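Shared between the two complexes below is chain A, which has chain B as its partner in the first and chain C in the second.
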Partner chain A sequence: MSRLARSLVRHIDPAVAIAFGCIAALLFLGSLYSTSFVSPAFLLQQLKVASFLGVIATGAMIVILLGQIDLSVPWVVAVGGMMSTAVASWWGPVGGIIAIPFGILCGVALGLVSGFGVAYLRIPSMIVTLAVNAVAQGLMVVHTGGFSPQDASSQAMRFLATGNSLLGIPNALLVWGVVGAAATFLLSRTTFGRAVYGIGNSERAVYLSGVKLQRVVLLAFALSGGLSAFGGVLLAGYASKAAQGMGDAYLLPSIAAVVLGGTSILGGRGNYLGTVAGVILITLLQSILSVMQIEESGRQIIYGVVIILMLLLYGREGLVH
Partner chain B sequence: MAFFEMKGVFKHFGGVSALQNASLNVEAGRVHAILGENGAGKSTLIKIMAGVVMPDEGRMIMEGREVQFASPASANQAGIACIFQELSLLPDLSVADNIAISNPPKRFGLIDRRAQRRIAEEALARAGGQDIHPLTPVKDLPLSRRQIVEIAKALARSPRILILDEATSALAAADVDKIYTVLKRLRSEGLALLYISHRMQEIAELADECTVFRNGRNVATYKAGTKSDNEVVELMIGREYSHVFPPKPSVVPSERTPVLEARELSWTNRLKNISLKVNAGEVVGLGGLDGQGQRELLLALFGVLRGVSGEISIDGKHESVTSPHLAKSPGIGMALIPEDRKTEGLMLPMSVRHNLSFAALGRLSRLGVIDRASEDAAVDDVIHLLSIRTDGTNNPVGALSGGNQQKVLIAKWLMVTPRIILLNDPTRGIDVGTKQELYQLLRKLADSGAAILFYSTDYAELIGCCDRVLVLYDGAVKQELIGPDITEHALVSSALNITSKTEEAGAKLAIGA
Partner chain C sequence: MNEWRYRIGEHRQTLLAFIVFLLMFVIYVSNHPAGFNANVVTTAANKGVLLALVAMAQTIVVLTAGIDLSVGMVFILTNCLASWIVVGSLGMTALGVIGVLLTGSLCGALNGLIVIYGRLQPIVTTIATGAIYFGLALALRPVPGGDVNSTLADSLTGQLPGGIPASLVALFIVVLVIWVPFRRSEIGRAVYAAGSSEIAAYMSGVPIRRAKLVAYSLSGLLASMGGLFLTFITYSGEASAANGGTYTLYSIAAVVLGGVSLFGGAGSAIGAIFGALMFRTIGDLLFVFDLEPLWQPLFQGIVLLVAVSLGSVRLFRIRNRLDLFG
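Then we have the complex of A and B:
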């Protein structure tokens, strides 16, 4: 028993522990303000909202583990939302079913473009993904004429994003659970995951070990694109339609969630549990600030300052070790 | 009284004690060698002297006054300059920028480039690198030249104690010679020199006093030349030191089809028509000065370089090896132990287990999913085979000592059971005990049928380990030495491309090396 406890303590990353500690502290502070912050209904609602960010941050994490970054999140999210709703309204009942995979595939395609640029053309990911973001934006302007599209999301999309199933657990949370379990398996149990961590630590060592490095990078960006677009599909289902700039609010939070969860921004280090903690932490912070009816400007300032403070906290912890 | 004195120094890192009641006396105008296996506490001692690490306990006395260094800058100010094992140069800056980086000459608040260049030229001249242009970017210099820039950088701070930590481990014999001249001159100028090296010859050549460290303690101090190499090694490892090199098989390899054959390999102007054969069971050495194409040759064989012309045959069959992935495939079965284990070989923050299985994951997984049971079994096997000392396979490999890291790197490649093993200077900067284990291992691998191509900057290794040695000069094979012909004299003279007519000159150089 004590051996199990000890091995558990050894396996928990201090950064993950800090993130969960901060979640508890936030909930405590919130409960001082209003007891409704700790009611099951509120917490489930928070987890449901967190699911969208969680799916997007999963993709961001894989790319960050490589030591790269995906800045195409905002418009790949929008592409996911807009293309799925478009298909849903074009093709009636058939479209309703293929809307979800179609939206995701559009994101995968954009991710493949980014990945090809990074892996084969050796362009820094910061540049390629920004360019892909711009291209995606342009394509969507062509598609919608620059206005928010009138297409409604399909039944299936709304079911995934807003429905509840067994024991009243939101479907979105179940979706995040499945995505998270798959990501955890991918990162810890497959050769792909091992290579991702390896590349983040030393690309040269991975290449000289005879691993097909370029394919791993390409696949990682494709996954990131697909997951961002999936986030967009869910968001479109949640709001019943897609909107211009629907992904704008997800770039900083997705990267912040990954880093707050203890994943090194330089790559090679981090685990999925940390990203879960980071996502919940960011979502709670955002909603507590808005419930407290602090003005938008003040909210932005507090939000940014808290992220900087937390990263400082991790920096200290890194120095000690 | 000693010029510089350390007394009763203790230092712990976590649960590990690096120094226990260590002391040291350094005299001006003398070369003081510090010997010891990796992990004996030498590096920690030096880091304390250089202000990089604070001791837990203990006193430092310089010229009769007690001193404390809270930072490298304060140690510098007191006149202690250090050249560490790892190079500290910034590759994209010029030589002059690097030399003056800690205290650049200023004019109106801006860097005075002309003065900086003058300082760099003076320092380079003192360090024996007059031929290095101060405006060359450091990344364009070969490793051995960088080492000289590193020394110049230390001298530019006009130190009174100069510490060299494995500063010559990257150098080939001819460059080492130059450094000796420089160091001897510095000694006569009254500098105190502290010298750490794993090469016994260097210590015999240079040192006035020697101190041996073992397990964080200074176990003996003696005048250089009063103890035999064997006695010194015994002091270092605390046990009998016998048979450094395993015996070579007396049988001459027959005229079988060579496992690895290269014909007319060329690459830009670095490799020129190199042909070679390596048979199963053979250890073939690559000799010559550093930077004569040995590294490129190994990379070309392993499929890393683009645009290599010529042919490579495996078991007599023509193969085109265009990537490390192909090179390690079962049909070819090649492994390359790269030169720089910290960036090219290992992923230091990752665990010992994940590093070990990294190259072999293909055979330890099904449809991309790792079979953890067979991974664990295979990892345990190689750890046992190479007796890698680790507290647990989940700890980061960066926490191991240098020698054990090197073992992990070699073990990682043994897990793919290669038939052809290419090694790029695998014993650089590792302790005597581990070196000896590696020599035994190489011979064992050869005996079990592997073909081994082995580049070393240490001539003693080439002589002790290899059945044949190919000496490279300017990207071409200049000479092939076989069996008893592999002597220090022959290696040095062919490395310098001196023909047998001028053997006397070669003999002089050999003594120098």
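Then we have the complex of A and C:
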């Protein structure tokens, strides 16, 4: 028993433990303010809202593990939302079903462009994803004619984002669960996952050991694009339509969630449980601040300060020398 | 002779940015319905200078092998602050300008302190501080509004005798007063050294921490000059998260177009200025060619994508495939 406990302790990343500790602390502080913070209904509602960020952060995490970054999140999310709602309204009932895969595929396509630039053209990911973001924005401006899109989301999208299934668990949370389980499996049990961690640590070493490195990078960016777009599909289902700036609020929180979960922004280190903790932490922080009716300005300031303080707790790098 | 070749080699990227910009600008004005006149140039210059200042701010941090994602938010914060305090009599206005520039430098210095002594990655640090600066901006200006000393504003956004845009002259003075002395100083060289190899710089006794702190503070100062200039153009302050984000992203694009290496240690702020002017001209080119304004963002995006892809021409010069994977 004690051996099991010891091996358990050894396997827990201190960063993940601290992140979960902070979640508990936040809930405790919240419950001092109002007991409804610890009610099951509130917590489920929080987890449902967190699912959208969770799906997007999963993609961000895979790319960050490579030691790269995906700045195309805002408009790839919007592409996912807008293209799926567009298909839903173009093709009636049939469109309602294929809207979801179609939205995701659009994101995958954009992710492939970023991935090609990073893997084969060797352009820094920060700049190529920035350019892809601009292209995606341009495409959507042309698509919507500059107005906010009028297409409504399909029944299936609304079902995924707002419905409840067994035991009253929100479907969005189940979706995040499936995505998270798949990501955990991919990262810890497949050669792809091993290559992702390897590339984050030393690209040269991975290349010399005969891994088709460029294909892995391409695939990782495609996954990230697809997951961002999937987040957009879910958000469009949640709000029952897409909007121009719907993805803007997701770029920084997704990166912050991944980093707060103990994943190194330099790549190669981190596990998915940490990202789960980071996503819940960010969502809780945002909702507690808004429930306390703190003005938007105050919320932004506290949000920034908390991220800095938490990273100072456990996100510091070693000295160079 | 040899010295000249060396000098041109050193500034090749900057020269390239300058030439491309010049070509684009010539196409722009020669197709402009109003032709080459002082008003067309002044309007273009004002927009260009705005981005150029933010791009210079970004450059100095990028030279240390960092990145500043809060640069757009410092720009917005100082814009909101300037719309409060750069008003009134000459003395008041002067104090206000100093206050704005000081605030910007402090924001930059805070980023620097967290990165240097907190040992956090610049990218996450500036994401978080960006939220703080935006929150402050929002506290200053919950709704757009405010005012600015219009005499000062008009004199800096207007034309000098002879039709020369005053903003360009102002930018030139900023380069002369800030960038040139910085580049030639010991601390400036230390910034380049720290950016190209921090360990080697440390081993050679380069004051890395001081260099980085100066770089981040200067970056904040330049961003606040941008914010001040935005106030002069719009006569008001607005805490717009979208604007802040856009300027951050555009500043990175301008830096790359201007030939500054994102890996640090190579490039110059002058290149970034031409990168910024180039990026602005790309956007304007579409108007003169009478295409649908709707297509402008897409066009701008594709040009950006193609431009950064051109950088991969260097891959043809690589002899050993291992060099691909630094």
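The rule is simple: the second predicted complex is superposed on the first by the 314 of 321 C-alpha atoms of A that agree within 3 Å, B and C clash if a C-alpha of one lies under 4 Å from a C-alpha of the other, contacts with A are read in each partner's own complex, and residues count from 1 in each chain.
Convention: a contact is a pair of C-beta atoms (placed from the backbone, for glycine too) under 8 Å apart; a residue touches a chain by one contact, two chains touch by 3 or more.
As the structure is a prediction and not an experimental result, all values here were calculated from the model.
J.: Please tell me which partner, chain B or chain C, touches more residues of chain A.
T.: Counting residues of chain A touched by each partner, the higher count goes to C.
J.: Tell me the contact category for A:L166 with respect to chain B and chain C: first, second, both or neither.
T.: A:L166 contacts neither chain B nor chain C.
J.: Applying the touch criterion given at the start, work out whether A:L32 contacts chain B, chain C, both or neither, answering first, second, both or neither.
T.: neither
J.: Please work out whether A:R204 is in contact with chain B alone, chain C alone, both, or neither, and reply first, second, both or neither.
T.: both
J.: Identify the partner contact of A:A24: answer first if only chain B is touched, second if only chain C is, both if each is, neither if none is.
T.: After superposing on A, A:A24 lies clear of both chain B and chain C.
J.: Give one of first, second, both or neither to describe whether A:K212 is in contact with chain B, with chain C, with both, or with none.
T.: first
J.: With the two complexes superposed on chain A, say which partner A:L311 touches: chain B (first), chain C (second), both, or neither.
T.: Only chain C; A:L311 stays clear of chain B.
J.: Counting only touches as set out at the top, which of chain B and chain C does A:R194 meet: first, second, both, neither?
T.: The first partner, chain B, only.
J.: On the A-aligned overlay, A:G268 touches which partner chain: chain B = first, chain C = second, or both, or neither?
T.: first
J.: Counting contacts the way the document defines them, which residues of chain A are shared by the two interfaces, the one with chain B and the one with chain C?
T.: Residues common to the chain A contacts of chain C and of chain B are 204, 206-208, listed in rising order.
J.: How about chain A: which of its residues touch chain B in the complex?
T.: 189-192, 194-195, 197-198, 201-202, 204-212, 268-269
J.: For chain C, which residues are in contact with chain A within the complex?
T.: By the definition above, chain C touches chain A via 67, 114, 118-121, 123-125, 127-139, 142, 198-199, 202, 239, 241-242, 245, 249, 252-253, 256, 262-263, 294-302, 304-305, 308-309, 311-312, 315, 321-322, 324-326.
J.: If we count contacts the way the header does, which residues on chain B are in touch with chain A in the complex?
T.: Contacts found on chain B: 302, 304, 323-329, 336, 338, 343-350, 354, 358-359, 361-362, 365, 368-370, 372, 412.
J.: Could you list, by residue number, the parts of chain A that touch chain C in their complex?
T.: 69, 71, 113, 117, 121-124, 126-128, 130-139, 141-142, 145-146, 203-204, 206-208, 213, 245, 248, 252, 255-256, 259, 265-266, 295-305, 307-308, 311-312, 315-321
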